[in-house]
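To keep things simple, chains are lettered A, B, C, D, E, F and G as they appear, and every chain counts its residues starting from 1.
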Amino acid sequence: MNIKPLGDRVLVQAIELEEQVKGGIIIPDSAKEKPQEAVVIAIGPGKRDEDGKIIPMEVKVGETVLTSKYGGTDIKIDDKEYKILNSSDILAIVVK
Amino acid sequence: MNIKPLGDRVLVQAIELEEQVKGGIIIPDSAKEKPQEAVVIAIGPGKRDEDGKIIPMEVKVGETVLTSKYGGTDIKIDDKEYKILNSSDILAIVVK
Amino acid sequence: MNIKPLGDRVLVQAIELEEQVKGGIIIPDSAKEKPQEAVVIAIGPGKRDEDGKIIPMEVKVGETVLTSKYGGTDIKIDDKEYKILNSSDILAIVVK
Amino acid sequence: MNIKPLGDRVLVQAIELEEQVKGGIIIPDSAKEKPQEAVVIAIGPGKRDEDGKIIPMEVKVGETVLTSKYGGTDIKIDDKEYKILNSSDILAIVVK
Amino acid sequence: MNIKPLGDRVLVQAIELEEQVKGGIIIPDSAKEKPQEAVVIAIGPGKRDEDGKIIPMEVKVGETVLTSKYGGTDIKIDDKEYKILNSSDILAIVVK
Amino acid sequence: MNIKPLGDRVLVQAIELEEQVKGGIIIPDSAKEKPQEAVVIAIGPGKRDEDGKIIPMEVKVGETVLTSKYGGTDIKIDDKEYKILNSSDILAIVVK
Amino acid sequence: MNIKPLGDRVLVQAIELEEQVKGGIIIPDSAKEKPQEAVVIAIGPGKRDEDGKIIPMEVKVGETVLTSKYGGTDIKIDDKEYKILNSSDILAIVVK
């Protein structure tokens, strides 16, 4: 089974906290809005600009990203948790 | 009888929960905003861009989609329940 | 006497509930936002796009439509009840 | 003395209820948003589109219109009551 | 000393109520949003459209206008009260 | 040390009240939104229009302006108080 | 490890208060919205205008900036605190 996000949406899988610590990024508990590390599983074709042309996506499948924690929609596929996000909820790419 | 959605609206029929489980997607109870699997029954012609040209729809009749649970308008036709949604309430296409 | 809606407004007359049931569409009581079947009595010329050109209307006089129940303005002409709606409050055309 | 509305504003004079009943339109008491019949006394030159060109007005001086009751600004000139409305507060033209 | 409004702002001086009554316009006490007669003292160069071109102002210095009462910013220059308004807070020109 | 505002932001220094009275402008205590006299210390390059071209600033360094009192961000540099404002928070230029 | 901000986002590292005092800028305690000095660590490629062209960033890596205190998302990398901001949350460049 396969999920194809629409528009500029992105399907991501959160990285477990233990892995996050090893990776070097820790989200402080006192942070007002906590971001979350996640891996990009699938991406939509992109939004259309005012002339109807597709704007290319900024992230690729397999990249690790920092996402805004409170955006998106949770789903569970084959017992694993995923999130569908808008592109604007992805803050940065993490290069290791 | 036949329903023809206007603009970029989409007529969908929700997939019963039992079918959803078999399909592999489970919506966690703790999810803040639960999506719902549904089948596309009819689609509008599409929105118009700023120059009045029709932007083609991203979904086709017969496709299975993930929809935002709280959007749309419920209707009942010949004793079956349907929903009319805006395109923006459809998150992804499910390919089985 | 005659009502000519302005812009992309539409004058509709609601279809009585008894007629609605015969027609096959039942609006469930539990629906969060109930739509309503209605007949299009008169339409405006259409909205203008950014270059001032008229965008053609999607509905025609005499068509049966599903309308969002809470939009629009109620009026009574010659003892019959009508509603003036924006085009965006019309969800779909019903073809019988 | 003379009032020249600016932009796409319209100066109207409400039609008294007794006259309204004769004209055939009755606004039901139960209506959520009651419209009002009025005569167009003066109109502005029209709004400008994005290129600065004037978009022509949809109503003419002397026409009878249905207006949204709660829009606009009340003024009294020579002891008569008038209202200055935006074009968007005029729902339809009444042709008798 | 001299005030040069920026953008499409307008500097006006309210006309005292006694003068207003003589002029023929009375604002009813029951009015939901009371307009106010005022004289235009200075005008800005005008707003820019999307291509950066200046859109000419609709009012001229010395004209009497009807203004929305609750818009704008009050200032006092040499012991006289003035108001700086956006163009959109000026409803109409009063020609006597 | 030097502050270079970004976009269409403006760095201003408020004029003390005693100076303001001498200058002829008094802000009435009853004013709903009190403006404030200030001197322009530094300006940004200007906003970009939809085609990416810079729109020139309407104020120059050294000019006295009337600013909306509640906009902007307060900072203190070398023990003096300044404010960083958006251009839209500057109402008018004061020419003495 | 490396963070690449997306769109017109900027990764900054706040300057400690002791350093800020030496630098000459003090944020008054009474300030309604306190800005914060920070160093730019990484920048995104820039936003796209309506034609899909990238608008160049106004800040460069290594520059000291004044940022709006309440915007952005806090993250911790290798035990140091950073913030990911939108360009619009950066008020000015500080040149020392």
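One rule holds for everything that comes next: contacts are C-beta pairs under 8 Å (C-beta built on N, C-alpha and C of every residue); 3 or more make two chains touch, one makes a residue touch a chain.
Since the structure is predicted, the reported quantities are computational estimates derived from the model, not experimental observations.
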Chains touching both subunit D and subunit F, listed by label | E
Express in whole angstrom the distance between the two chain centres, defined as the mean CA positions of subunit A and subunit C.
-> 41
Centre distance in Å when subunit A and subunit B are each reduced to the mean of their C-alpha atoms | 23
Set of subunit C residues in contact with two or more other chains = 50-51
Which word fits how the chains touch one another: line, ring, star, complete or other?
-> ring
What is the sequence of chains around the ring when one begins at subunit A and proceeds first to subunit B?
-> A, B, C, D, E, F, G
Residue ranges of subunit A touching subunit G (in the complex, touch as defined) = 23-28, 30-35, 49-51, 53, 55, 58-59, 66, 68, 87-88, 90-96
Any idea which subunit C residues touch subunit D in the complex?
-> 1-7, 9, 11, 44-45, 48, 50-52, 73-79, 81, 84
